[in-house]
Amino acid sequence: MRHIFEPALYYNAFGPYEPVLRVASGDTIVTKTLDARGYDQQEQKVAERGNPLTGPFFVEGAEPGDTLQVTIDKAYPNREFGWTRTVIAAHVVDPPYVPEIQSDVELARWRLDLQGGTATLIEPETRLTGTTMPIEPMLGCLGVAPSRHQAISSATSGPHGGNMDYRGLRAGVSVYFPVFEPGALLFVGDGHALQGDGEITGTGIEISFDVELTVRLHKGKEIGWPRGENADSIFTMGNARPLDQGVQHATTEMLRWLRAEYGLDVMGASILLGQCVAYDVGNVFDPAYTMVCKVPKRWLPRK
Amino acid sequence: MRHIFEPALYYNAFGPYEPVLRVASGDTIVTKTLDARGYDQQEQKVAERGNPLTGPFFVEGAEPGDTLQVTIDKAYPNREFGWTRTVIAAHVVDPPYVPEIQSDVELARWRLDLQGGTATLIEPETRLTGTTMPIEPMLGCLGVAPSRHQAISSATSGPHGGNMDYRGLRAGVSVYFPVFEPGALLFVGDGHALQGDGEITGTGIEISFDVELTVRLHKGKEIGWPRGENADSIFTMGNARPLDQGVQHATTEMLRWLRAEYGLDVMGASILLGQCVAYDVGNVFDPAYTMVCKVPKRWLPRK
Amino acid sequence: MRHIFEPALYYNAFGPYEPVLRVASGDTIVTKTLDARGYDQQEQKVAERGNPLTGPFFVEGAEPGDTLQVTIDKAYPNREFGWTRTVIAAHVVDPPYVPEIQSDVELARWRLDLQGGTATLIEPETRLTGTTMPIEPMLGCLGVAPSRHQAISSATSGPHGGNMDYRGLRAGVSVYFPVFEPGALLFVGDGHALQGDGEITGTGIEISFDVELTVRLHKGKEIGWPRGENADSIFTMGNARPLDQGVQHATTEMLRWLRAEYGLDVMGASILLGQCVAYDVGNVFDPAYTMVCKVPKRWLPRK
Amino acid sequence: MRHIFEPALYYNAFGPYEPVLRVASGDTIVTKTLDARGYDQQEQKVAERGNPLTGPFFVEGAEPGDTLQVTIDKAYPNREFGWTRTVIAAHVVDPPYVPEIQSDVELARWRLDLQGGTATLIEPETRLTGTTMPIEPMLGCLGVAPSRHQAISSATSGPHGGNMDYRGLRAGVSVYFPVFEPGALLFVGDGHALQGDGEITGTGIEISFDVELTVRLHKGKEIGWPRGENADSIFTMGNARPLDQGVQHATTEMLRWLRAEYGLDVMGASILLGQCVAYDVGNVFDPAYTMVCKVPKRWLPRK
């Protein structure tokens, strides 16, 4: 079933809130997201800044201990104006260099050509101004209600997903989340038309999005961290600081996956990762960072 | 000039040792490297284990404050037998998971087809055994003598380079090192036929290599961390633990580069990185980890 | 005013929940806390495990941007049986050492002499069994509702306080918290009869407590992290991982304090800290660690 | 035997250098150290800045795999002028706060009363100027030649000791180092008349020292990290970044010690540490940080 959902209420945390819509496994949700400061498709401010989220969506039958698969069918900007911050975050440069990266201009403005799929830097005036780049739309926030009935800010991440800002969360990708609350309680937001690894200025090109998500429930399947899959690879996501701990979470989750579903023992899984693993860097701006552990499907043994 | 150099002596540290050869800027060094345990092309043990290095090569005229460019003209295995470790390092998984990744078998063996450019896993017996993968030869160790007359183990890295285990250090790439000692004192070693990101089992496919390096001296050009360049990108390398600090070092070095040589101010450089940067993970096995900050040449302003 | 409050409901998170009691600035709350597994003074399980909290207490007039002072008038065990875990947490030892610290026995039992103020190890059988130690009762959990309407597990910490497990939070000490929600919403729990620095086994001697807290509201006084004060010292608390970031938070908060209230400029505050600061380690078991930055009152300039 | 040694040559690294003196186990070395910028007792510059070291001292019979005990019989300033830096290091505060801790004045000056045991701040002018504090003289640098024939800068630390800046390394304390080179090759330097935890401004009160050290060789006793002992406690030292890793190294070394020499099994050692351990913070200024794990002798089982 296909639900057209027009959001009216937005949360700034992933938490056990009253669902805005109930859907069944297999259903598709067609909806919209605001930009990170709460502005909608018409550039009207309709919610508080700080990654306001669309949702939560209650998936019938989902219980703690299950896994929720979310396939991103569509994630694309729906207006022509986007913005970014103008300086790299202080904690991403060497501490003594911080005084050199101050700026009075807070925001840069970009004009999008939605049909052509490009973004052009309009202001401020720098040597880059006027540059046009192909967009690569992605979802900064995707996740479910956390464990222990917590409500976790949409400015950070955890085992429940959250603000992971991974460039790989784009149309065509499926992401798997552990279910901690009845109904899973799915949230989405913080679309970026284009973003470098790490979201090191604290933003991608922030803009409102049209989003379509299809949910599928995997009863009794338990995972520890978000997992995902695209045409070429499977991947796992570890959210923590320092990044070293993200590496540990993501690598352990991948080992569990390879051992449980691909018939590999510890040595087989280790040798495979040792020669084929790739790590992608998600968010390094938030309190929790995101590290992605990726394995090409080409080298996976048949299930 | 082209020097054919047959090594006879190997160091297990990057340090201010007596040069084995003196070369001029523009010269090419044709030489060989041992595998990480000190075995040569004939599988004879000729040096101590722990990344024995070929060198140091003294570059005439190099002084502290200069930059040494090293172009990797060739880096390719020269024998048919390679080996890897069989389990992921304890510090790369979640601490409570460590007891699950123990193994009695220390080494896996691979047979290489040097003409075809592939490696086949021979033993131990796992579901992967018999798998044949294309090789991607790279240099695990490349660098110069460190600052303050230190001698730093070839099992770690720093501003001088060292054991960075970055898959990007392969034929066709140029790497730039700060010069700390007269003559720069270039070392090379630890060739890997194939390695995943991070060298998370503590090895790639370890094997002896044929290596050709061309050196060029940039007098009076001062850099803080290793930099590099391939056909598509420029990159910087930060070596430290935790990875977060590697991110800081590499990002700061890239900002310095973009500001000094590409005419970008802080906002321009930040906006460019914010939308276009990619981070690659080098070694996460050693005491110091390696993070690479990469920018596509396509988006760089003309110098 | 002195409120005798008998708790009946316990939360496992610091969050914007319905207050259980409303008090005024200057009031004292006399209440009880459960042990970390939800057992009360009569050793009956009355709440879910994982640091169930007594509260929240609504302080009349408290608004975001204020500071809540909480003086610990009493914090003392109220039963004779306490327990600890028996092995150090995996993440507190070197990763390769983890397989050596496994144990089949989960809990150790201690008998307390409440009048004499001692605890004796009863079981399991080790060379320490029978040892009697003086207790040093302290509160593992103390804090207020977090920012952004979050609900944060009582198994971790943040700017709102939380599960900081600092030995210094004992009778006679005042702690200051930033107010994020109307009424501040104060919580308390997780009493330890005795605990080493870091809570490295994941427990102190866990036991139910009698607690008395006096609250005082400081209108319009804004702080960034918990602060505190005992007879000899003032201190600040930074909660984050890695500990290095805890050092940053706590030191920055101390610099702000010294500059704003003790008339010190940056050099004066730096020189004072450079020669006199002490760092104490709070929790190193939870997702967020706690570092305490402490300055002897003896060396503070008069306000 | 008691050796009076007047140094003439100073190294800025711990490394396998030619010994300046050969001593036997049980001998005492009476010598002097320069201040961190290379100035001697007469305030003459006689060595390069950056913790120039007195030594190395060759201990007859010491071989890799042994342990060298160094008892600090005396460590006391021998001139009246000392200096400190004036601002806290950028990496010790929150990154966005860095621009607020800039200063044009690099150094503060202190006058010492060597008989009275005090230091008085002379300049620059701040609210602290004129304050007189009791000194607590300690050794910033103490250690031996590192493993693998490395030469490691005296501005950092490792398993060999080095620049640990731990306030606990003062007269009356014994420190134990693993031996990596024949003769152990002991170095000493960087005396501080007074220093807060962490050496967060990058200095204590830097000054030249009179030093007396007694060495004792423990043949065949192998340790992994520096250990120590004072009147009340035994302690271990872990040197790494982040501090979390220092906690791991120091705690693991303490567990090894308790198990090997105090007859405790894993549970006994864990329960002891869980209730009694204290962590002290050494240097948090250098590339490697220092964390100290301390246990009161009072609670140790008889050997």
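The chains carry the letters A, B, C and D, assigned in the order they are written, with residues numbered from 1 in each.
Criterion: a residue touches a chain if its C-beta (ideal position, glycine included) is under 8 Å from a C-beta of that chain, and two chains touch if they have at least 3 such contacts.
None of these values were measured; they are calculated from a predicted model.
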{"item": "More contacts between chains, A-B or A-C", "value": "A-B"}
{"item": "Rotation angle (°) superposing Cα atoms of subunit C on subunit D, nearest 5", "value": "180"}
{"item": "Centroid comparison with subunit A (C-alpha atoms), farthest chain", "value": "D"}
{"item": "Chain centre separation in whole Å, for subunit B relative to subunit A (CA means)", "value": "32"}
{"item": "Residues of subunit C touching at least two other chains", "value": "91, 93, 95, 102, 241-242"}
{"item": "Contact set on subunit D toward subunit A in their complex", "value": "89-91, 93, 95-96, 98-99, 102, 242"}
{"item": "Interface residues, subunit C side, partner subunit D - complex", "value": "84-88, 91-95, 97, 100-103, 105, 108, 121, 124, 126-128, 131, 133, 194-201, 203-205, 241-244, 247-249, 251-252, 255, 262-268, 270-279, 281, 284, 289, 299, 301"}
{"item": "Touching residues on subunit C, where the partner in the complex is subunit A", "value": "12-13, 15, 50, 147-153, 155, 240-242, 245, 287"}
